[in-house]
Structures are given as structure tokens and as C-alpha cells.
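To start, the structure itself, in C-alpha cells.
In order of appearance the chains are A, B and C, and numbering begins at 1 in each one.
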Amino acid sequence: MNTGMILGLTLGSLAAMVPIVLTSVGAAISERAGVVNIGYEGILMLSAFFGTITAELAHNGWVGLLGGALTGIAIGIVHGVITVYLKGDHVIPGIGINLIGYGGVAFGILAYWGTAGQHQVAPNAQIKPLWMDAFGNSLSPMVVITIAVAFIAWWVLFKTPFGLRIRAVGENPEAADALGVNVELYRFTAVLIASALSGIAGAYLSVDWLGTVTKTIAAGRGFIALANMVFSGWDPILSLVGGLIFGFFDNLAIYIQNNPWLAGTIPWQFIATLPYLVTLLVVAGIIGRARAPKWDGIPYKRE
Amino acid sequence: MEERTPVLEMRDIVKVYSDGTRALNGVTIKVYKGEIFGLLGENGAGKTTLMKILFGMLKPTAGKIFFQGSEVHFKSPADAIARGIGMVHQHFTLVEVFTALENIILGKEGHGLFSKIDVKNAKKKLQTLMDELNFQVPLDVPVENLPVGIQQRIEILKMLYRNVDVLILDEPTAVLTPIEVKELFDVLRKLKAQGKTIIFISHKLNEVMEITDRVTVIRKGKVIGTVNTSDATPQLLARMMVGRDVVLRIQKKPHKPGKTVFRVEDLWVKGDRGEDAVRGLSFEVKAGEIFGIAGVEGNGQSELIEAIAGLRDVEKGRVYLMGKDITGKKPRELYDMGIAHIPEDRTHMGLILEMSVMENAILGMYWRREFSNGWRLIDWGKVEGHAKELIDEFEIVAPGTRRPVKSLSGGNQQKLIVAREVSKRPEFIIAAQPTRGVDVASTEYIRNYLVKLRDEDKAVLLVSADLDEVLQLSDRMAIMYEGQFMGVVKPDEVTEEQIGLMMGGVSQ
Amino acid sequence: MNLSQSLRGYLKPFTESVLAILIGVLVGAIVLWASGYDAIAAYKALVVGSVSSLTNFAQTLSQSTPLILTALTFAVGSRTGLFNIGAEGTVYFGAIAAVGISQAIPNPLSGIIAGILVGALWALPAALLKVYRGVHEVISTIMLNWIAFYLAVWLALSVFVSPSNANRTVAIPPSARLPLLMRNTTLSWGFVVAVLTAIVVYVIMWHTKLGYEMRANGYNPRAAEYGGINPKAAAIWSFVIGGMTAGLAGAVQVMGVPPSYAISQGLANVYGYGFDGIGVSLVGRDHPIGIIFSGILFGALGAGATKMQQAGVPLEMVKVIEGIIIVAVAIPGLLDLINRMFRRGRV
């Protein structure tokens, strides 16, 4: 271990933390309001794709993030209408969204760029790092923004009337309804916030961190984010801790694969399982203590 | 009567539910400012329906509501609250993990959806309210950790914080001990002195006599009459409430109990939050005996039943059935050994609502030989025959054995449970809240059936929050308070006052 | 009387599934059109490729084979109240098991048994994590799918790699293959195995005590426990039975599909069936008999996709259509909703 390696791993972990934390924070807000969505994987996929398109059209990575957010919101509207207004199942739409995500991006890359499975994001459409060294280590402004988002989300959830109402409609919508809190509106808003954050995370994958769109770009991060949300007890600030842990192993797998002297000793496939294995172990160790919002995933209908 | 104009008038209210049930048949009530108005009636008379209409939770089929001189149409409770009508339900609507403060200010937190909640200011306002009423509520503790009496005060504060003029209380004493009832009445009197109008819904004559100024009695969705409480007697109100209809009277001949069938020794059981819900109970139930357990709900009855029915771990102590130690046995073993269990929660435990009538008819006995064919598969023909037998014998009204059980009415669902449990041919029957939320005819049927089981020398453990039920049916009864028996008595050798004291934690 | 009762019970879900499929096709057309493709030509290719001839229809049935089996995994889970989406990873191991065992014991039965057993084994981690640690099965099965993917890639390319072709595993020896039902197609006895398995699962779920226990637990675990059912056992059995059908899917897929009878690079010929099975199950309303039909429909989409690809439309478009169908299935009371819309339109 030398300092360069430590620096590289640290910065890499922070970079890998961003999409997981943004999605976890969103998912926590949505589930605090009582809406489950397992379609974040699909949102990450589609917003990585549409984020790239908008970024390349505007020659600006930040516009790409906006494009990602809008993609997320569009999907969120579908999920929100089905779950919040039509009182449908909370899990099934996500299955469909994920399928559309994986199929749609593979299709879209071919249809839009004419390449199979992968597209390199144009340099002028990528977000410039805050800092970079000669070895390619870099720090994205999105790392700072993500940390800020986690703190702001915590503050809004626990210190403001908006947050109180979000939590109330997820814990006891009946009580909230009786006091004039519009349950459907707050639940729907929470879904949109979650999908927007996840959309930004997806665009970050392509126009910032990885600089490419592939047909498997989300690579399970949508689900790792859900695991992280449980791990952090639906708390945005704690999700930073979990996000760093997951980010570390996510990045470690990439790091080891890129270092032949390490990769030679163990099959790379074993290392690639690390983030998923760690997620499983962490979640298995944590559950039991964690307590989900009481009305999480349950449609609310008035008597 | 008086020339004053009422602050609130509900005129000719009719409510027909979508399934055709007529809950209200043209009810008119008038409530005057600054009075405590009693709404008296039996379970199912329509009191709660009427108040839910007033509070914007239900839409009336016909009729008008006038409040403070103008006609109102409340679309939601929030509408009603905004106009100054508040309601405290029998089952509280509190966010359990929120503090009292959060529960109270929810939806009325102050300015700015995204600005910091002004906790200090809210607390100051609440402190003033509490001082005026001379009671205290811990504002910073999650309400799930507070006793029901305090939770009720939080519900009242929630309404007062919104400056309601009219406060509806639906059976507010059902969950309270006698001491808590006294304290509640003090609060109500103070509110009245402040000029608030209170609607007090109850079926308890003494309470209505004690606290109300006027009382309207309703029966089967109709107003029977309105009297000034000072002119009324409990006897008069009772006649109005029950009418000439035959009161549920259970034919119970004396019966000599046999040998001990069921015995519990120093039983300790933990509740969901890890507290000691049952604390060292010992009792026995004999063949040919109904042993009743009364008490305010939430004093460990549910945990006791679950522990002896194999649904909750026993911390300490032993349970015996016909001399055999059955502590810690699973439900399936218990049923095979001769226990039947009518659970207190019909819709969440006793039945699987989405499954068919016949599938429900074998819950807890589906493994028995009599329902299998030669291939060891379930023989649905035999199951259907069994279901039809239950339906015939208990006169259950069911649209068909293959329809989901949720298509049955509550009373028929409960009859199906009782029928099924009895068909297990048990020696010992646990009957928990056997007639809760059940129509009068079914109630009578079920109660008579429990007596019949006793006469057939079965041992019956009856647990009910309905004191009358326990008094009528039991041969011996215990009153449970905070996980212990305050006394074991014979129903005909005990006064109402003694029972009241025991329910409030005074041991006899 | 009873028959018409139950028929009416099936009619509504059936109509809703058909509606969901129509919505999928329609929205899919809009996506195609918006991406600059000729939607009509694409669909034409889809239909031609799947049902225009006996050979093509055989292709459809062949494609439906693994889908029916993985759909059963999801259906058994769903009926038990579990969201078991772990079929995907289990399929890989079922295929590896068949490849492995057939080298030692080269007959079809050994491959099938190995697939089933390995499938049951791989179901255990998620089952035990659920029952003893309370880990939600969506999270555990997804993580296990990814772990299975990398482990299976390693097994395929390091342990069972073909000595003659580094891009695939050794092939199943001819004596261990499932015979074809129709020459010059890929339709093998695997399809018959899948249909029989669906029938067996139906019997288990609706005519055995275990099935009663699983379904009761699925609707209401608390009432099930009260009813003498062990909820833990019901959940574990549900995972295990689901694992068996998914493992079988993988085995059948390598044992019955010419020409390679081997697992190709990146698990390409066994990849994706687990996820598609979820959609098949949802459209088939989590019922084994419904699944046979919706499996054939999805099989047709798969078979037609190849033709569509030849007509210039990327075959991944089919996944988008499937996804839209699932989202449409999730709309509650779809039939009533559309009824209402039409009524409003008429006024």
C-alpha cells in the first residue's frame, strides 16, 4: 500500500458512493412516505441513457444531469399514478420498469448511436472534475453535492413541516388525512423526488463517473441502494456511511480488475461478486433492528 | 322545549351502506352551545355512523347538517375541523412513532412548508392549553410509549390546538380505568366551562347520567327520544335504549363442573415491546364450566390467549391440558390434543379473507385424514361436504362454498369460525371476544352455543371486553389488570362496584 | 353452477392480461415509431417469425420452454407471499450442473435431476436469510443473481471450458441430450417437461397440504400460523420448489437446444430467462395453467424478435414491450378503468 493507492481507493470509493447514496436518499424519502419502488435500477439505466443524449446535445454534462432527473420524474409519474392514485401494487411496476430499462437502453444505444452495447460519452458532454492528478485520480463536484443532498434531505425530513407530513403519511396516513394532510399529494411528491434523485444518479454514471453508457451500466446499483436504505434505517445521513461501504467494495472490484498483479492471483469473477456479497452480509447482519415505516408499501384508501 | 337556536343540527339523516344495510333511518339531533350532549345507544344503534357523517368521514344518503346557522357539507375530517368540529375516535388516530408534539401540530405546523418548525412556540401554546385544563402530557416522548389515557388526552389536545368549538368523543371511556374516567370527566367539565360544546357517545348509562346535560337515545338507526339528564333516571334511559325488544337473555341451567381440563401455573408472557404483559397467572378451567376473564382491553388478555394457544412464547411457567404439559407446543399439536381457539381478531387471524369458504372451513384441521383421499391429496369433495355441514348446522348465510370468505357478513364470518372450531371436537375451547362486532342474532346464537358446549361438559375459557357477556356466561370469572388477576369471583356474588374497582386495579 | 362460478372467476384476470398485452404492443409501437422504425413492419416480422409456419411455431414453443419453468418459480413464490426473483441466477447453475453431470453420467435423466437439485440448493441462501434473518427476498435474490452470474461465468470458462473452443463450455454428449420433437427446429422434449412441470406445480399448489399451507401463508401469515401452519417451513419450501423449476429451466435449456448443447460465452444462451419469467408469471396471473399460455406468448415474442432483428429492429425492443406489459398488468382494475373511460367517452 502506498499513498497513491490509498488516494486512488478513497477517491474511487467516493465516486462509487454517489449513485448509491443519491438513490438511497430518494428511496428513503419515498418509503418514509409509504411508497415502495424497486424500479430504481431501471431509472438508473434509462437516465444514464437519456442523460447522455441531453448532455451531448447541449455539450454540457450538467444539462445531462437535468435530463436524467427529468427521465426519472417521467418514470416516477407512472409509478406514482399506479401506486398512489390507483392504489396498485408497489412492487410489480418496478419489475416492468427494470425490464424497460435494460431492454430500452440496449435498444436505444443501437437505435441512437448505431453501436452495439456501449457508447463513449463525448468529452465535452462530461462533467469536469473539481480536482484531478496525473494518474487519473479525480474528485467530482457531484461528490460534494451528494453529501449536501443527504444532509439537506435529513433536515427537510426531520425539521420541517414538509418532512413531518411525509413521515406521517408513511406511518399513519389515516391520522394525517384526518388533519387535512393530502396523503396522495405528499406520497406522489415523495415518489417524484425519489425518482428525480435516482435519475440524477443515473446520469452521473454516464456523463460523470464512468464516461460511457453500456447496456448494463446500472449493474445492480439500484438494488444495492435499496439495501443501503434499509441498512441506514431510512436515514439520509446514515446512508452516506453505508454508501461509502458499498462504494468502497464496488470500486475495489473495479480497482483490482484493473491491476493485473492483483487480478492474477484470484479469478476476477470472484472479486466482481464482492459488492453483492458484502451487501448481502451487511443486510443480513442489520435487519431485525431496522424498522420500516408502518404503512410502507401499503396503498391508502379512505373508508 | 327551549327557544334557543342550536349550534349544531343534523336533520333527517339517512345512511344506507353500499351493501344495503340501513344504518340510519332519518335521525335528527340538536346540540346547543356549551352543553355536554349525550348520544346513547347500544352497539350497532348507529351512533358512530351518525358522528362519522358529522365529521365528514361518511357521506349521508339523505339529510342536512346545519352548523352555526348555515348548512354545511363536510367532505373530509379536515373540513369539519376547519369549521370547528373535532372528534376523538374510539381507536385513536395517532402516529405511533411521533411525539405528542409532532402528532398535535401535524398539518398545522406554522408558516412555510420548508422552514424550520417553530418547536418553542408550539410548546408554549400547548402548555397554555394544558394549564387551562389542568393536565399534563409529556410532549417529547413517542406516543407509543405512553398509556392509553395519556394518548386520549393527546387526541383531545390535537383538536383543541385547532380551536374546535364542538368536540365529539366516541365511547371515550371504553379503554379507560375508573380513575382515568374521573380525570377525563374533570377535563370535560372544564371544557364546558370554557364554552366548548361536547358530544359524548356512550352506551354506559351511569356515565351518561353523570356527565351529560341532555341526552338523545337512538336505537336501530332511529331517534327514540331526547331528555334533559336531570329529568332522567337510568331505568328510563335503559328502557329507551333497549326498548321492548327482548334483551339478550341466555338460558343457563346450573351445571356441575367436572374434573380440571386446563390449568396454568405461574405464567409469564412478554408483550410486543418486551414488557411483562402476563405476570405470574395461575388458574384452571374445569369440564362443564365457562371461566370468564374480564377487564379493560390491553391488560395482557391478548398475550395470555396467544401464549396458551401456541402463538406466543411463554417466558416462565407451565400450561397443562388434561394433566399433560403443553407449554410451548405449536398450534397444530394443540389442536390435535383437543384445543380449539376462537381468536379475537376475526379478519386477521381467524380467517383468510381471500380464500374460499371451504378452504377456511379446514383451517387448523386441513391435515386430518378425513379430508384426504387415497393419494394423500386434499379431497375437495370431502372438504366441501364439511363446509356445507357447518353452514347448515350454524345457519350461516353464504353465497357458496367456493366464494371468498370475505363475501360473508361479519356475523356470518364469526359463525363460520365458531362452527369450524367446534367441529374440531375439542375438550377445551378458547373463546376470545367471540361476539365483537357481530349482529344481535349471531351474538345470541354464539353465546347460547358456548353455554351448550359447557352443558356438554367441555371446558370453555371466555375472554371478553364486554363485561355483560362475561357476567352472563361465566360460571366463574376473573378480572385482569396489568397482567394479573385482581380477583376470581362468581358473577352472581359480586357487585358492579366491586368489579369496577378490580378493573381499575384494586385487588379484592 | 360451480363450474360457471370458477369460469367467471378466471374470465376477468384473463381479459385484463389480454388488455395489458395490447397496451404493451401499442406503447411499443409508439416507441418504435419515435425511434424512427417502421412499427408495422417490425410487428409483421414479429408475427411471421413466431407463428407463420409450423417451424416458426416450433421455435416459439422452444423459446417458451425455459420461460414457463422460470415463471413457475415466481408464481410459487408469489402465491406464498414472496417476491422471489432469484430464478435468473438459478438458471445459470442449473445449466452448469447439467453440463457437469452429463460428462460423468451421460443420460438425460441425470441432467434433469442435477439441474433440479442444484436449483433447490441455490434457493437455500435466500430462503434461510428470509426466514432467519428477515432479509427481504427482493434484495437477497437480486444480489444472489449477480453473484451467480460471476461464479457461473468462472465455472463455465475455467472449469467446464471446452478444450476445442474457449468461448463455450464442453457440450452435453449426444446420449444425454433431450431428443427433438421436430427435426430442423430447436423444439425438444424440454417443452413437454415444462408443461408437465406446470401441471405438477398446479397439483402441488391446489391439491396438497403443502400447497394449502403455502397459499394460506401467502395471503395471511398470521392466520396461517394460527391455522397450524409453520410459516417458516412454508417459505422455505416455496423457495426450494421455485429453485427446482428454475434449475430445471437451465438444465433443459442446454440439454435440449441445438446446435451447441453447451453454455456460450457470457452465459448468452441461458441469460435473461429468469427475469423474463417474472413477466410470464404476472401475465399468467401466477397460475401454472395461465403460465403455459403466457409462456407461449412470450416465447413468440422471443422467436419473432430474431426475425425482427433481421428486419433491422434491435431485438431488445421485445424486452421493452415485455416491460410495458408488466407495468400495465400492475394497473389495478385495468378492465374497470378502461370501461369507465369508454363510458365517459360515449357521454
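Methods note: a residue touches a chain if its C-beta (ideal position, glycine included) is under 8 Å from a C-beta of that chain, and two chains touch if they have at least 3 such contacts.
Everything numeric here is computed off the predicted structure, so don't read it as measured data.
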{"item": "Most contacted chain pair (by C-beta pair count)", "value": "A-C"}
{"item": "Farthest chain (mean CA position) relative to chain C", "value": "B"}
{"item": "Averaged-CA centre spacing for the pair chain B and chain A, given as whole angstrom", "value": "45"}
{"item": "Between chain A and chain C, centroid-to-centroid distance (C-alpha), Å", "value": "28"}
{"item": "Centre distance in Å when chain B and chain C are each reduced to the mean of their C-alpha atoms", "value": "47"}
{"item": "Chain A contact footprint on chain C (complex, rising order)", "value": "31, 35-37, 83, 85, 125, 129, 133-136, 138-140, 142-144, 146-147, 150-151, 153-154, 158, 275-276, 278-279, 282, 314, 316-320, 322-333, 337"}
{"item": "Chain C to chain B touching residues, read off their complex", "value": "2, 5-6, 203, 207-209, 212-213, 215-216, 219-220, 222-230"}
{"item": "Contacting residues of chain B [partner chain A, same complex]", "value": "57-58, 76-78, 81-82, 93-98, 102-103, 105-110, 112-117, 158"}
{"item": "Complex contact set, residues of chain A against chain C", "value": "38, 42, 78, 82, 86-89, 91-93, 95-104, 106-108, 110-112, 215, 219-220, 223-224, 226-227, 230, 267, 269-270, 272-273, 276-277, 279-280, 283-285, 287-288"}
{"item": "Sites on chain B touched by chain C in the complex", "value": "309, 311, 330-332, 335, 341, 343, 348-355, 359, 362-367, 372, 376-378, 380, 400, 402-403"}
